[in-house]
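Common to both upcoming complexes is chain A, partnered first by chain B, then by chain C.
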Partner chain A sequence: MTLTKPGQAAGASVRTRLADVAGRLFGGGSPTVFALLVVVFVVIFVMNPSFAEPPSMMAFLKKAAPLVILAVGQYFVIVCGELDLSVGSLVGAQVVIAAALIDGEESRTVPVLFVMLAFGILVGLVNGLITTLLKVHSLITTLGMMLVLYGAIRLWTGGAPTGALSEAFRQPGRGGIDMPVVRQLPWSLVILFAVVVAAVVLMRGSYGRTLIATGDNEKTAMFSGARVWQVRTSAFVLSSVMASLAGVLIGGFAGVTAQVGQGLEFTAITAVVLGGVVLGGGRGTVVAAMAGALTIEALFTLFNQMALPSTIRPAVQGVIIIAAVAYAARERARPGPHTQTPPAPPEQNPDRDPAVT
Partner chain B sequence: MRKTRVLLAAAATAALTLAACTTDEPTETAPEDDAPAEEGQEEEPEDSDDGDDPADDGESADEGDGEWFVRADYERQLEQRDIEPEGPADQPWLQAIDPEWVDTAEHAQDENRTLCFSNASVSNPWRVTGWITMQQQVDVYTDSGEIDDFRVSDAADDDNQQISDIQAFIDSGDCGALIVSPSTTATLTPAVEAACDSGIPVIVFDRGVNTDCMVTFIHPIGGYAYGADGAEFLAENLEPGSSVLALRILPGVDVLEHRWAAAQQIFADSDLEILGNEFTDGDGAQIKDIVTQYLQRGDVDGIWMDAGDGAVAAVEAFEDTGNDYPVMMGEDELSFMRKWEETGMTAIAPVYSNFQWRTPIEAAVNIWNGEEVPAEWVLPQEPITDADRGDFLERNDEMPSLHYAKFGGEDLPGYPEAWQDR
Partner chain C sequence: MAARRRLGTTELVYIALLGVVVVGGILVALQGRNLFSTANTVDMLGRSSLLGMVALGQTLVILCRSLDLSVGYVVALSTLVAATTMDGDPARVPLGIAVTLLVAGAIGLANGLIISVLKVNPFITTLGMGLIIKGYLDTQFKGPAGAVPEGFRQFGYSRIGFVPLSAAVMLAMAVAGILYLRKSRTGFHMYAVGGSADVARMSGIRTGRVMVTAHVICAMTAGVAGLLLAARFGTGNALVYDDGYELDSIAAVVLGGTFLMGGRGGVAGTLGGVLILAELDTVFNILGVDAFFKDVLRGVIIIAAVAIYARRRLDVRASRRRFDGDGGAGGGSPPDPPPNRDGPVSTEQGGAR
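Take a look at the complex of A and B:
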């Protein structure tokens, strides 16, 4: 009987260490989303083993890449305490703009890409500056931007997109490098990989810390020298640039339809929240947000494999997501060795602030 | 801590609700709002004789989704495909199938030639194309003095908005005739009846309403014929035992359900295996993803679609996974027609006649001139096949890809710029 005790202790410490490693690997984020992702994939593999073959996985990642990139952009905005509802409309606008400007001419591809980048930055700047300088809540700012973009594109095109994308424009979203095992390594996967690396590096650096600090407590961040309005504005710009990139991939993947981009903002926000990132800011990792996006795409695939009636899918998806987020919230609330201690509230040291004294 | 959790839960719920709403949003994604939901109702007594079908037909009807299937309508639409329409062959928008002419002398007048139009929306390329054609037709008659003024309200797919739009037209007392393209059937019926009661001639086109108080109801043959055109083509061109994937826009819209109901009838009598029917919202990315997943699981020999939106994305899924082209049902939308010619695949483009947008204007002028119009103006609806594909592509060479080949506006003065610079 007594022998089991040390064993239990050892088991517990191993688990603690594993959790530590996992925690460090995923930047201390909630493990729920990763567990869910694994479960969904296991079910898919059991139902359809051929999905585990490399070409099928590549097709999955190719489809998922735009949403993951959108989730990265949305993460920047959410973690600093804001929301960006304009990304879906921006994706649609960018694809329609690209089709109208390129109009099938290969030579216009690169200039139009720059126009799209500039337009993305402009939209992000407007979102950011109105939110930070005019102090309009980002929900309203970006809701307004969503409608403005939607309406402006309708007005400009008369309700239906015109023009055509060039073959070169479609390559990033559609093409890839032909390879033996995977059949084709999609360009979108290469782009996605670059975005993932850049996002992780960015969030590890001082910019990332400032971004999280701003979302966690605006005043503390301000008192410790961060220019909050600049940080937040830059987050909006990053989000819009990511949306533009997602637009390039989505337009490339499926071409121009009138519906492109519709509803993507909520899918992206759902992905980020599912990744354990707290709406209101200050908590959550970019890797978990990306895992959230992959999980949502995997759920779509799972429903398809199960031949679930389309009509019931949104309901099932909603239940799974609420359950996952609620479970993660419960984990977080429970006191324990791995609960993140909230950063010191500003009241602790007001005397040190020169502005107050 | 608790506050954060409450906030989080609330925000997550809000986000999800909104996400769910956007996924489900029906009207805006509907590609074409076509359809003569009510056309059969007045004729039921005569048609019921045809109900004595052979036994096997009766069985296949049971296999279909009964909620959306009216056998009499289905059979009449299939018959109408073979009836030679009356009217000039080179002006299909003036043709009518089995017309029952009504006298309009009571509405003949010259004093008030203000034409009013209550439009459901211009929320998809099919409606945009038709709307341009209609405006061009109006211009012709404004120049010739047959129409003095053209007033339009757009309800943006909102029933309540359209009801008040129609009421506003009635109250203004300015309209010499009223054209209505209803947003939905049942909800708009009282508004159309109110317009009839006000004494002005009413013209309804595209989707129907549950009344026959209007002077004329204009529509192409209908959804059953559309769905059957594609399904019959697949059944003829595929080996027995081949597998077909059905791609649909969204459930619960009568006009789209009729297309699918007709296809189910045809497929039930064939030896084709239906792999599944999937809802796509008409979104290219979703279509491509779904088709790719079916191809990962096994062969897909044919694709049936309830509307051509995103047909090209479906074809690309076959290209990108290295599979042979399927036997394909698309639509007369140019992006698909061009892909069809480029690849040379076996395909058909059913048509939901876009030229019907010209007819209400012609009808209004006829009515004011006291000329007879058909009570139910059934326009021809003929699919584009391999044989006339080249001809239609040549005619629409300069047109954008989300344009519809059978838009029927080539002889209008604004052609082709008006449709190019939309």
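Take a look at the complex of A and C:
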């Protein structure tokens, strides 16, 4: 227990302890997003008690899985101090590529999945290498990549997507294992679970620490022996691979259209930032980023429950994002157990490390 | 003193523009047509005026190390505010202009205050603000609304010689922007805030006010762009926000050599960047290049340009004083200190500060 100094604020210790426990439980992220998530869910449950039943929860998670996966990918990039605007058009590109290459034939499903993986890795590598080696700001790199992907895919297909997805390809996005209680355990939930576990394990290992250190202070990380450009490039590759995976799920769930993936990059970034991950890097946990994505999906569900006209939803979403981030910024500015060192937070801040006990 | 002055980024932008014009002119001439005909020049300048206005304001914001992702929505809102306020009545034109600029300025004020007082990241603030405006527009307006009187529509169509009126207004705004950044105190402070907000604050600059000013000006230039669009369409239209002015304007600013992390660059460079994009568009149009291929080329060109600037900056950085950073736009021609004056003291200096 190095988190709170012994004599500090004995009176308010209960609240501090509670926040502390919550922080540990959820990986030390900002508690704001978890509070918001709980509030949104409580409101949904109150308005519609049947939502709490396992089948509808499963349906919710199935719909939320792609965004959560995208948020995980975006988290890697944001926490090391960069930004990836190309994920939305990459999702669209992957779905269109899959439809055009598979063209309705079951036997091509697996090879095409490998092609998609390779394409995702390639896009990530290009993004990463341009950003790290050519020193182009990642906002510009990925904005350019977004334009290139958008144009190239439409150029290739002549404007409208062609071909069709195979039944096997659509299974991960819409199928599942039949079970009692939950009626159906969606494949996307299984995939999501695997991604969550992998991401948490990755972020607790040395790679994750190097990633956060790079985002916190590039120079210090470099002097401590981290290969900054390799770490950053790998983060871009991870983001693109996650986007490809999300593309498989979205393609299976929603089918092929020309608009698929549009605007997803901003939703994913919003989710990550809502989770208390600081743009600019070095702060925030992957679990909180995923909670941010879940919160956004829960908000969409809530809007449905409230029968809010679809046109006003962006406005409500905008207000909530700004308010949540402003609240989180206020929390950070206040001296407390999470920010014990007001002047220039050190790079290897042990307080932030949830693995140390 | 005999040392040759290094080419600044802004000069590079204009050399690139010249290159685009020459290569484009040759390509068009090979097809037996003339890029420099009046019709094509008018087309190019007309294209540049809208993006130019938005990019001008964006330049100030980016100089302060901020960002405005709401400009596209402000443009759309402005077309509607202008058209519905004027409502086809010539007498209400001044009122329409005033109300539009006021509304746009108020949005900029809100952006600036949320960023500087509530300490919300600019990316999130302006993204959220864009969503809020989008929600309002979608709810309130189901289609085109309002009408612009014939007199005001001249703003969109009439021209002086081969210069469209809109382009003349844009150029005047650009000159005002250059003078503002060079001569006014607030303009100077913008470089300081973008260079390092902490250092600026400790030097006695009210960084919050500078940030708010930049955002208000940015939103107001977007408002002018909205007025222009309303004059061109003759009515207000919410769907303008689909055109993606926010990302286009950022691309133009960066193409013009302004550093995305603030503190370096200027309006003159942005103007060059806008003209390059407009000239490319015109050439592609004349040559009949596929619209999707244009997107690919645009993406590649933007990345390549910024990569070139970044390369140059790597070796310039050590020998350039921060407050000279007006993009070296000709003008004052600040003498560069002799390179490597302190021998081994180089890039690390920046980090240790």
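The definition used in the following text is that the second predicted complex is superposed on the first by the 325 of 357 C-alpha atoms of A that agree within 3 Å, B and C clash if a C-alpha of one lies under 4 Å from a C-alpha of the other, contacts with A are read in each partner's own complex, and residues count from 1 in each chain.
Just so we're on the same page, a residue touches a chain if its C-beta (ideal position, glycine included) is under 8 Å from a C-beta of that chain, and two chains touch if they have at least 3 such contacts.
Computed from a predicted model, the values in this text were never measured in an experiment.
Peer 1: Contact-wise, after the overlay, does A:Gly205 reach chain B, chain C, both or neither (first, second, both, neither)?
Peer 2: The answer is neither, since A:Gly205 touches no partner chain.
Peer 1: Of the two partner chains, chain B (first) and chain C (second), which one does A:Pro111 touch, if any: first, second, both, or neither?
Peer 2: A:Pro111: touches no partner chain.
Peer 1: Does chain B (first) or chain C (second) touch A:Thr311, or do both, or does neither?
Peer 2: A:Thr311: touches chain B and chain C.
Peer 1: Which partner does A:Ala254 reach: the first (chain B), the second (chain C), both, or neither?
Peer 2: Touch status of A:Ala254: first partner only.
Peer 1: With the two complexes superposed on chain A, say which partner A:Pro49 touches: chain B (first), chain C (second), both, or neither.
Peer 2: neither
Peer 1: Which holds for A:His137: it touches chain B only (first), chain C only (second), both, or neither?
Peer 2: Touch status of A:His137: second partner only.
Peer 1: Could you look at A:Pro161 and tell me whether it touches chain B, chain C, both or neither (first, second, both, neither)?
Peer 2: It touches chain B, and chain C stays clear.
Peer 1: May I ask you to decide whether A:Val325 touches chain B, chain C, both, or neither, giving the answer as first, second, both or neither?
Peer 2: Both partners.
Peer 1: Mind working out whether A:Thr270 is in touch with chain B, chain C, both or neither, as first, second, both or neither?
Peer 2: Touch status of A:Thr270: both partners.
Peer 1: Using the superposition on A, tell me which residues of chain A are in contact with chain B and, in the other complex, with chain C.
Peer 2: 159, 266, 269-270, 273, 278-280, 311, 314-315, 318, 321-322, 325-326, 329, 333
Peer 1: Name, in rising order, each residue of chain A that touches chain B in their complex.
Peer 2: Its residues touching chain B are 48, 50-51, 55-56, 59, 63, 66, 157-164, 174, 183, 250, 253-260, 262-263, 266-267, 269-270, 273, 278-280, 300-301, 304-305, 307, 310-311, 314-315, 318, 321-322, 325-326, 329, 333.
Peer 1: Inside the complex, what are the residues of chain C that reach chain A?
Peer 2: These residues of chain C touch chain A: 114, 118-121, 123-125, 127-136, 138-139, 247, 250-251, 254, 260-261, 290, 292-300, 302-303, 306-307, 310-311, 313-314, 351.
Peer 1: Can you list the chain A residues touching chain C in their complex?
Peer 2: Answer in residue numbers: 130, 134-137, 139-141, 143-148, 150-152, 154-155, 159, 219, 266, 269-270, 273, 278-280, 309, 311-319, 321-322, 325-326, 329-330, 333.
Peer 1: Show which residues of chain B lie in contact with chain A when the two form their complex.
Peer 2: Result: residues 1-2, 4-5, 7-9, 11-13, 15-16, 18-20, 22-25, 28-29, 122-125, 127-129, 131-132, 251, 276, 278-279, 281-285, 287-290, 292-293, 296-297, 309-310, 312-313, 316, 320-322, 335, 400-402, 420, 422 of chain B touch chain A.
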